[in-house]
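There are two complexes below, and they share chain A, which is joined by chain B in the first and by chain C in the second.
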Partner chain A sequence: MIEFLMPSLGADMEDGTLIEWKKRTGDSVKRGDIIAEVETQKGLIEIEVFDEGIIEKLLIEEGTKVPVGTVLALIDPIEVSLETKKEKPIELHPIQEKTTEGITQEAEREIHIKASPLAKKMAEDHHIALFQIKGSGFDGAITKEDVEHVIAQRDVIDKEKTVIETEKTVASSEAIRAAIAAAMSKSNREIPHYYLEKKIDLTKALTWLQEANEQRKVQSRLLPVVLFIKAIAKTLLDFPDLNAIWDNGLKPKKDINIGFVVALHNGGIMVPAIHQADLKTVDEIMQTLNDIIPRARAMKLRSSELSDGTITLTSMGDGGADAVFGVIYPPQVAIIGFGSISEQPFAENGMLGVRSVVNATLAGDHRATDGLTGSQFLNLLARNLQKPESL
Partner chain B sequence: MENPVMNTTLTYREALKQGIREALQNDKDVFLMGEDVGRYGGAFAVSKGLLQEFGEERIMDVPLSESGFVGAGIGAALAGMKPIVEVMTVNFSLLAMDQIVNNAATLQHMSGGQLHVPLVIRMGCGISKQLGAQHSHSWEPFYAHIPGLVVLSAGTHEDARGMLRLALLSPDPVVLFEYTGMLNLEKEVAVDSDILDISKAKVLKKGKDITIITYGIGVYKCLDAAAELATVGIDAEVIDLRVLRPLDEFTFLASVAKTHRAIIVEDAWRSVSVSSEVSARIMEKTFYDLDAPVLRLCGIEVPIPYPAHLEEAAVPQIQDIVNAVKKMIHHD
Partner chain C sequence: MNEDEIKKNIFQLLKKIAPDTEPSVLKPDENIRETLGIDSFDALQFIIALNEKLGIEIPEKDYGKTNTLSDLLSYIMNKIK
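Let's turn to the complex of A and B:
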C-alpha cells in the first residue's frame, strides 16, 4: 500500500488545508493526475499524485488542516495491465459504500458515452468529465460544439467566482507575506551567500530576437527573458553543482527546473518552476510562461510547479533596477538575477560604442560552491547569450 | 496596368482536344493511337480533325484489340517514342489489364531501373448517358491500386487541357481518366491558364465547416453542392484529388484537421474504392481531429442500369451531397 502524504510545497510550508478531493475511493490514478486541492499560504494548489494504482481509502476529510507529511490517502499500487484494470473494479464493488458506488458507476458509464475523438480530446484538455456534457451529434454523440458550450458556461461561472473570491485574496496576501518572511529568514540564517556580478552585452541577442519575432504572430512573440531562461538552462548543463539542493550535503538534481519569480499584483511573489527548461525550445518556454504567470497571479499553481524548482531566476524587466542580488530559496543553492536592460557606453577592442547591456548576478550558497564556479558560470552564460541562434 | 485575365468558354471535349493537339505540336515523338481516333475522329469526337492536321504516322487507327495495341504502345515507349494510347472506355481497358499491370507497371522494377515506359493511356470513364452497364463503369480504384502507375483524373476543364502535357513528361506509365459524361459541358477557362503539377490534390473552394473530397465527375457536382450549402450557412471546403496514385494525402489531411469533418464523393462502388483508402488514411492520421465519423457517398453496388432514372439514382447527385452534408452538420 502506498501512503499519499500532504506534500511540502517549499521549505516554508508547515501545513495545508485539504479543500477538495478530486478522486474518490476506487478511482484509478496515474502519475500526474490531480488528486486533491490544498489551500496553503500560496493559494489553492492542485496536488498531483506520483504513483499508479487505485485509491483504497481517503483518510482526511475535506476542510481539514493537517501538517506536512500527514497521510492523506492510501493507494493500492496495481500492476496496471489490461486484464487487472478490467477485473479490479468488479472486485471492489461489494465493499464500496453507496455514495462512492454511484460515482464509480458514472465513471464506468463514461466508457460507453459516445463522443467524437476531437470532443474527447478537448474535454480531457479542459478536465471536463464526459458525463457532464450533453451530446447533440449522431445518436447523441458529444461533438466539439457541445464541449465548447460547457467550457463557455464554466468560464462564466469562474468569472463570478473570481469576483466573490477577491476578498479572500486580500486576506491571503498576508499569508503569502508570512510565507516569504519564513523562507527568506531561513535562507539568511542558514545560507552563507556569496555574490557575483557580470555585465553582459545583449546587442546580438536582441537583434536576433527582433528578427525571430518578425516571423511570429503577436501572441507567440518571444520576450528577452525567454533567452535568459534558455541560456541559464544550457549553461547549467556544465555546472551541475549550481543546479542542486543542500540537504546535509550537496545533492545535484537531474532535471533543470528553473523557478521563475512572478511578482503578484497585491504584493508578494510566487515562484513556479519551468520544468526541464534545457529540453524546451524558446517557443515552448514562452508558452510555459504564458501559462504559468497568469496562473501564479491567480494562485492556481500545481504542486509540482511549486516544489520542483532546482534554481531560481529573478528578472527585473523593463524599467526595473540595474541589478538584483537575490536571496537563495532553500533548499536550492543559487539564485540568478537579471537587472533591466539598458543602453550603456561599452568599450570593446579599444573602441567605445553604445550597447544594450544587462547586469547578471549570481548569489551562491558558499557551503555548496565557491566563487570560482559562480564566476565561470556567469562567463559561460554571457558567452551563450552571444549565440542566441543556438539557444 | 496589369493585363486583364482573358477567359474563354470551352467544352470539356475541346479542352481535351487542345491538350492532345498541343502535345503533338510540342514534341515530334508524341503520337496518338487508338480505336477510331483517325478517320472517324474518335468515338467521342475528341480527336476530330487531328488526322488531317498531323497525318497517318501520328494519328493511328488500330484494330479492336486492346491487349494488342496497348502492348504496341508499351513497345513504342520502350523504344523511345512518347505514345498516347486511347482506350475508348475504361470498361474495355480490362482486356488490356495484363499489358498495363504486368508489363507497363512492372518493367521499371523488374529491370532494376534500366527500362522506363513513358506511356500515357487515356480512357473515357464513368456514366455517359444511357450506354448500359458494359460502357458506364468507374474503374478508377482498379488502377489506383497498382504500384508503378501514375493515375490521374481530369475532373475540371483545366486538367482536361493541361494534364496530358505533364503526363507525357513522366518517365513512367500514366493512366489518365477522362469523363465522357462531361464532354459537352461548357465552362469558362482562362485562355492561358496552365496547370503546373500532376502530383497534388487541389482545394477548389475553401471552407471551414466540412471537407468534401472527390475526383472526376464528382468535382463539379461537389462545387455546385457547396454553393447550395453556402445558402444555408454551411461553409464547405471542396478538394479535387486529381491524382489517385500516388495519393496526395497531405492536402486532404490538412483540410480535415481544420474542418474536423470529411465526406468523400465518388461514382465508383463503395467497397474497396478510392474513398475507402482516403477514409482509412483520415482515420489513421487525423483521428483525434475528427468531430464526426467520415462519410462516403459512392455508387450503388449494382451494374449501372440502362433506364435514365435508375442510372441517375445509381451514383451520387448534387442533392444527395447536399443532404448528406446537412445531416452530418445538423444531425437531422
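Let's turn to the complex of A and C:
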C-alpha cells in the first residue's frame, strides 16, 4: 500500500489544510492527476499524485489542517493501465454502484444500533449515519435529542469553517509575507552565499528577438526573459552542481526546473517552476509563462510547480534595478539574477560602441560550489546568449 | 471611435491587467507602466488586449511611442484613421 502524504511545497511550509478531495475511494489515479486541493500560505494549491493505483482510503476529512508528512490517503498500487479496459463499461453507472455499496456497508453496521423510529427518521433526513451518533437512551439507544445534538454540532462546525475560510483570504498577503520570511531567514541562517556579476552584451539576442517578433502575431510575441530562461537551462547542462539541492551534501538534480520569480501585485512573490526548461523551445517557454504567471498571481499553482524548482531566476525587467543579488531558496544551491536591460558604452576588441547590456548575477551556496564554478557558468551563459538562434 | 471612447477602452484594459490600480487617475504625461507598476509580461498582455479590442497592431519598435497616456492616445488615433 502506498501512503500518500501531505507534501512539503517548499522549505517554509509546515502544514496545509485539506480543502477538497478531487478523487474518491475506489477511483483509479495515475501520475500527475490532481488528487486534492490544499490551502497553504501560498494559496489554494492543486496537489498531484505521483503513483498509479486505486484509492483505497481517504484518511483526512475535508477542512482539516495537518502537518507536512501526514498520511492523507492510501493508494493500492494496482496496474491501472491493465484494469482500465475492464473498468470502462462499469463506469457507466458509477454513482449507482457506489451508493449501493455504501448503503450495504452502513446497513450491516446499523443492524446493531438501537434507535427510536423518530431518531432514525431525523438522522436519515439529515444524512447522518446512525453509527456516528452516541445514544443516551435506554441500553444506549439513540433518541431524538441525540440526533438534534449532532445536527447542532454540525452546524457550528460548518459556521466555523466558513469563518476560517474568510479569514484566510483576508490574511493571504500576510501569509505570503510569513512564508517568504521563513524561507529567506532559513537561507540567510544556513547558506553561506557568494556573489558574482557578469555584464552581458545582449545586442545580438535582442536583434534576433525583434526579427523573430516581427514575423509573429502579437499573441505569440516573445519576451527577452524567455531567452534568459532558455540560455540558463542550456548552460546548466554543463554545470550540474548548480542545478542541485543541498541535503546533508550536494545532490545534483536530473531535471532542470527553473523557478521563476513572479512579483504579486499586492506585494510578495511566488516562484513557480518551469519544468525541464532545457527540453522546451523558446516558444514553449513563452507558453509556459503565459500559463503560470497569471496563475501565480491568482495563487492557483500546482504542487509540482511549487516544489520541483532546482534553481531560481529573478529578473528585474524593463526599468528596474541594474543588478539583483538574490537570496537562495533552500534547499536549492544557486539563484541567478538579471537586472534591467539598458544601453551602455561597451568596449569589445578595442572598439567602443553603444550596446544593449544586462548585468547577470549568480548567488551560489559556498557549501556546494566555489566562485570558479559560478564564474565559468556566467561566462558560458554570456556566450550562449550570443547565439540566440541556437537556443 | 472618438478619443473619449478610446480612453475608456484603455482604462478598462489597464484595469483588467492591473486590477489593484486606478488607471483613470493617470495624468496625460505620466509613464503608464511606471505609475501603475506594470511589468514586461503585463505590458505585453496590454498590447495583446489592445489588438483584440481595437484591432490595432503595435509593432515592437513602436513601443516607445506608447509610454504615456497622451502618446498612446495619439498613436491609436493615427492608426485607426
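Here is the rule we use: the second predicted complex is superposed on the first by the 303 of 391 C-alpha atoms of A that agree within 3 Å, B and C clash if a C-alpha of one lies under 4 Å from a C-alpha of the other, contacts with A are read in each partner's own complex, and residues count from 1 in each chain.
The rule is simple: contacts are C-beta pairs under 8 Å (C-beta built on N, C-alpha and C of every residue); 3 or more make two chains touch, one makes a residue touch a chain.
Computed from a predicted structure; not experimentally measured.
Student: Mind working out whether A:Thr143 is in touch with chain B, chain C, both or neither, as first, second, both or neither?
Tutor: Only chain B; A:Thr143 stays clear of chain C.
Student: Once the two complexes are aligned on chain A, which partner has more residues of chain A within touching range, chain B or chain C?
Tutor: Touched residues of chain A are more numerous for C.
Student: Per the contact definition in the header, classify A:Lys121: touching chain B only (first), chain C only (second), both, or neither.
Tutor: After superposing on A, A:Lys121 lies in contact with chain B but is clear of chain C.
Student: By the touch definition at the top of the document, which applies to A:Gln153: first (chain B), second (chain C), both, or neither?
Tutor: neither
Student: Quick check for you: in the superposed arrangement, does A:Thr207 touch first (chain B), second (chain C), both or neither?
Tutor: Touch status of A:Thr207: no partner.
Student: Taking the superposition as given, does A:Gln376 touch the first partner, chain B, the second, chain C, both, or neither?
Tutor: A:Gln376 sits against neither chain B nor chain C.
Student: For chain A, what residues appear in both contact lists, the one with chain B and the one with chain C?
Tutor: No residue sits in both footprints.
Student: Using the touch rule from the top, collect the residues of chain A that touch chain B in their complex.
Tutor: It is residues 116-119, 121, 136-138, 141, 143-144 of chain A that touch chain B.
Student: Along chain C, where are the residues that touch chain A in the complex?
Tutor: 18-20, 33-34, 37, 39-41, 43-44, 47-48, 51, 57-61
Student: Help me check something: in the complex, which residues belonging to chain B touch chain A?
Tutor: Spelled out, the residues of chain B in touch with chain A are 260, 287-293, 331.
Student: Could you please specify the touching residues of chain A with respect to chain C in the complex?
Tutor: 210, 213-214, 218-219, 221, 223-225, 263, 265-266, 289, 293, 317-319
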